[in-house]
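Both complexes below contain subunit A, partnered by subunit B and then by subunit C.
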Partner chain A sequence: MKINQIFSIFSSLAACTIIMLYSCKPKSPATVSTGDAASKVYVAPGQYDEFYNFISGGFNGQMSVVGLPSGRGFKILPVFSVHPENGYGYTEESKPMLMTSHGFVPWDDLHHIALSTTRGEHDGRWAFGNANNTPRVARVDLGTFKTVEILEIPNSGGNHSSPFITENTEYFVASSRFSVPIGEDNQRDVPINTYKENFKGTVSFIKVAPEGDMSIAFQLVTPGVNFDLARAGKGPSHGWFFFSCYNTEQAYSLLEVNASQRDKDFIMAVNWKKAEELIAQGKGKKVKARYAHNKHDEHTHMATSTILEEVLQLDPKELEGIVYFIPCPKSPHGCDVDPSGEYIVGSGKLAAMIPVFSFTKLMQAIQNKDFEGEYDGLPVVRYESALHGVVEKPGLGPLHTEFDGRGNAYTSFFVSSEIVKWDIKTLQVLDRVPTYYSVGHLMIPGGPTAKPHGKYVVGYNKITKDRYLPTGPELCHTAQLYDISGDKMKLLLDFPTIGEPHYAEAIPAALLKDKSVKFYKIEENKHPYAVKSEKDSRVERKGNQIHVYMTSIRSHFGPDNIEGVRVGDEVYFHVTNLEQDWDVPHGFAIKGANTAELLIMPGETQTLKWVPNRVGVFPFYCTDFCSALHQEMQGYLRVSPANSNIPLKFTLDK
Partner chain B sequence: MQKIPVLSRLLLGIAALSLIILYFVPFWQILMWAPQYPEWLTMRFWLNDITGDVDIINGLNHYIGMKHIQKEMFKEFVYMPYIVAFLIVTGVFVAFWGRRSGAWIYLIIIVLTGVAGMVDYYLWGYDYGHNLDPSAAIKVPGMAYQPPLIGTKELLNFIAYSGPDIGGWIVVAAGILVVLSILIDIKSAFLRARFPSLIRVL
Partner chain C sequence: MKTFQIFTLLAVIFLWQACNSGTSKKSDADLANADAKTPKKEYSGKGFGEIRNVELTDPLDQAMIKKGKAIYDMKCAACHKLDDKRVVGPGFQGVTNRRKPEWIMNMITNVDVMLDKDPVAQELLEQCLTRMPNQNVSVGDARDILEFFRKNDMDTVGKKDEATKS
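On to the complex of A and B.
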């Protein structure tokens, strides 16, 4: 054989191999939605969405309000974080809202949303949210879309397992993600390696009064584990609450390894009706605590912050019948109760199966004392005795489960990046769709209620990558909307979100749309510095404080020329928006202010504090385009030296 | 002395008494639409009051220098309730009295009142639309803002409609009843002249 023959055979073989190897490279699964997806999410101009979707903002500390099915964003609703856009956390009125026992905290991490319910269904009164970092809970009014109350949670480190809610809004919960030593100063200053002896978890039950006032009804002191998520029972299981917990190893370092050693952690079942009985018998113990309670008053348009000094604690080790542990495989995350209230779905985030527990069986096991042992002195129900069954091989890394009200469950899988539909009774997997990418929470409108509106499921993803035009290293988070009205789930829409969404809830628009507040009635304004008529606008000096009683109406301020202010004075602009019509806010900003603008709704009074540090004439103006003559809405304030004798003077068109 | 038929008297009475409703409902309305007010702004006139989005309309109209509408500027609100009371009492009296001349006089009174009302409304509208503050922010040369007497008119970015409200339609209906009452009388007089035997029936 000639050398060039060998060469040609060899080279053609090599070419074939390369082509074969190349064609072996797998193709990515198709990522396009099919058919009439566009028409299903198209909301024509001037038409309304079917649902309001309240989405947690995660590390932005806010909620966002989005329409479904369009995915259009309507509002960022500040809760635990300052929001310079409307002055939240900057105005004198709203600063107390962010006060805590640690002082003013301008940021937090809002993970979960619970909407108020009556008889197990959404009633459209309030949305609740949790602050994970400096433990707090908040109440948002769904008439004004405004944060109206924040309550700090004492004896807690990391309020993650919150604010899940009972079927008549009797309580919602706040349970500690990080166990910490609690009690007096000397009990809290302990070596970290004494975790097992000294660290405690707490589960707070927060009562909501009919007019909305939140208070801690009682706090359960639990073994030092990490609480993750929770759900209240409903229907037959009303009166019980279920909490997933991990780190039953009680590790305090390198948790990703050390808290993943046990084959099973727990779902903690709490009989809160029993706790109520024991409290009525005087069994609780009042202990000292320091925590802030902040409330917004819709008539004074002001928040006030009060420090509370006491909390009622129950020790389930001493008080039998409140707490039972159910073993649940591999660091459970989601802990979801189906609409009937019978099935409790645990999602071990490292597991390759989903255990489903039966409330009826759990009650039998508790009645028969069918326990497999104790955990830190508390009874552990035998796993098999409480188990309804297991969904076999559903996917990898189950996180959360929602329900469509037709007997189906939908579980998100972070690791295998998909949503899996399965039958609650038969535990058979029915369908699966990919998510883009690595879905965290998922949401069906009304999914956690007794009557879900099983039309859509939305996945809130943790990884975005190539889904949108890139914006540098920091990308938006993404959500995906699927049609679940048929047998097969169908991807309809991708939409970007604000912050990092965790849990979200959605409510039919009809429940909120018509009761949305359009403006505040000026005659009901009880702000101490409100001015209800332009002729009463004025400027007063009290020592080194200047109080400007200012009005704004299209399109001028009253007064708009102020003189006689001195360097170092504390100037308070109390601006009342005199408008009494929908969608006519006025803004207020002055040069050099070390704070954000005011954005004043019609009928409202808001206050900006400004301390001039130099002489000159300072313009102020309206920041919200209010009318055709908005650019004319301005004024001047003259600042003279600290020792000047220029008298205080103010005018409007004189 | 010509008496009118029972049916005519009944209609006169109903017409007069129906005017009582005027004390409980507005009789005139002005509706305004603009791109920014898709929900329509309304202004309703009652015998003794004006209601609706008066403050919002005032707020808008100050740009073009129109007067602030307020209840006190209408002296009509003081005497209109008495005029209507007079119409009711007169109508009831005419119905009882039952004379042909009475019916005709009543028709004339009603028509005159209506015409006077429209003239008064036109004069107010003319003054409101023309008598503008010279320092107004927006001045459009040659532009006046007189609301339409009745019907629809475009005023800058607004479409304004002026027309009867429930009470106004009741006045119209009362007028029609009075005319009907007189027509019945004429017809019966005609029939009586040709068929005298019908007298007892009518």
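On to the complex of A and C.
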């Protein structure tokens, strides 16, 4: 088949057929890992991995933490989805984390991860993640591996182009994949076929305060296109941000055909330093909005949710010098900036080549007003003037590019199921390896930073098929680790992933491992219902609310016998784990609870709400095997009829 | 890390079985031999850890007792009572009469090593079957707790510090 034939099919309706044709047919599952592969990924018992890999979970709304090169999974880190396993989203403390202007949203779709950076390198403070469905961004603390902040993004649909980050974590972005009508109620209730005039894209720049507090610094209101991915400039291009845009056709139905018409879409270049200048001059306007800002407090062990009501918007049509479009073939997906900050790689999903733009040339073109026209009133730089060159016939369906810090780029190809290595300056293809199958994102540890650790590349695949023992219709997604330290890429390892991985990042273990928090200091626990001493454990009634101030320690709860609770009471178990040692969580579960268990870390207090609907004696117990006498870690709560006058009573060992 | 805990459990059960199949109580000679660092010498009774020598003073320091009691309430009371009743761990009544002050402070500040190496601590573990947790107590705080123990011994049995005399 000729390449252009393939594309005409692909861009019409037969995408699935092609995937199968290319991904499955030519390759057999048993192949190609080289002789010494096992020893290169073998991490002996008791030894540590070299990198932490933070992998987005896609439609599970979580991140997972995996070691490289072993591929061993350490943790599912809940972010945008409830996680009954540790009570996230079920406990009274964590529920506010998932509040939005739409109320409690227990699920989302987390696609991309950005690790905080200082001077262009990972600094090990935070991981950021995006929620695609109900637009939000999250901050995860890399000392506690806990989601500590979530910010909703107003005026956005589909927060896909997020959370890519600037060199010193000045900002990360949240830009809309789905343009929508924005503004007051009457501006938002419009016919869908008025897309061109009424639908807007927005690009939010989120500021991160030194202690981690996130806020929307400003929001650019853009033409109604789809923003896909983004990268900040670095080094010489620090101060700029680049966004891939597709659907510049502004289609609002059957996008697979109607948004694939033009042979070029855009990369949008944003001069955020200029935007800062204009804001300092008082430009921009504050508009009404409604969005939630949720923060976890490490001392009260509680999240709070606040609704914010204003956002600063800039209209680049009125404020010159912020936004320029660069034509880019064809429906660009990845938009990646090399470690030097000079080259910007656009990966057009439907393009038969990869264009590489030069930041120096782009600046010249802008200075010389070398424009080929306007798009919706905004300048479009002449394609040739910004272009460094193209990689010819690299493969089919290019998606994303990462860098090894030695002048090479690695691009994933979804349709032809391969990773292709090429030279950024000469644009020559140097090597290619198959993936199993249909690779989406790929990742080199430190790949998006100014100093990649170019030892491995990991491909995160979209299709699994025959790669593992079958598990019915739903299969895990696969990842593949390749050695890239030599001239040729070598497949070392397959490993299954959790959810559907999209982007991931990896960071040297040395940057995180020694500052990992082991427990919370009980002295610093400021939870209003904490009990720091078993002798203060108690039960109090306030109307129909029962507050159980409970302690847990190996291997008993205090109190463990409770009577005088009535049907219909709201019982709050506030359980403090009194242990002060690493790796001694206690669990708490009670029969009939409509929520999930608590999993309480040492020194922490967590609250389970329980509303008994019948009389009886209800056992509760510790769910985490904590000691030799863990099976003894239990208690009873007696529930009497609603009108009973049995007095409230609580005891331990009496 | 549940696997780890299960291993600990297995180890504990193994120990327990090992002890129950032989004589039920170890003799002092056994204890002396088990002191890993000083196999030939007498068992020091000071335990393992950074505390080698504690100066006890009289009269008791009331400020230290007060601080020690507060830490006890927060970090120890769920497992240790002040009389002779065992809950999770032994009751503290008379503890300064049966253990040297260095041993007590090492037990508090270095419990993992104590349970791995010290024959007396190991014997207690065989009885209690729960590993005493590291409660992250500083040496200074441990000294305050010790002062509180001395006061408690006076209150409960009318004598203290007997273990220093042997």
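Basically, the second predicted complex is superposed on the first by the 624 of 654 C-alpha atoms of A that agree within 3 Å, B and C clash if a C-alpha of one lies under 4 Å from a C-alpha of the other, contacts with A are read in each partner's own complex, and residues count from 1 in each chain.
Methods note: a residue touches a chain if its C-beta (ideal position, glycine included) is under 8 Å from a C-beta of that chain, and two chains touch if they have at least 3 such contacts.
All values reported here derive from a predicted model rather than from experimental measurement.
Once both complexes are superposed on subunit A, the partners subunit B and subunit C clash. Contacts of A:581 after superposition on the shared chain: both subunit B and subunit C are touched. By the touch criterion stated above, A:553 is placed in contact with subunit B and with subunit C alike.
In the superposed model, A:351 lies in contact with neither subunit B nor subunit C.
Comparing subunit C and subunit B on the residues of subunit A they touch gives the larger count to C.
In the overlay built on the shared chain, the residue A:626 is in contact with subunit C alone; subunit B does not reach it. Overlay on chain A, subunit B versus subunit C, candidates 6-14, 96-104 or 150-158: the clashing stretch is 150-158.
Across the two superposed structures, the residue set of subunit A contacted by subunit B and also by subunit C is 553-554, 579-581, 627-629.
Contact residues of subunit A toward subunit B in the complex are 553-554, 579-581, 627-629, 632. By the touch rule above, subunit C contacts subunit A in their complex via residues 1-2, 4-6, 8-9, 12-13, 73-75, 77-79, 87-88, 129-131, 133-136. Those residues of subunit A whose C-beta lies close enough to touch subunit C in the complex are 519, 521-523, 532-535, 551, 553-556, 558, 578-581, 583-584, 624-629, 653.
The part of subunit B that touches subunit A in the complex is made up of residues 53, 55-56, 59, 63, 137-138.
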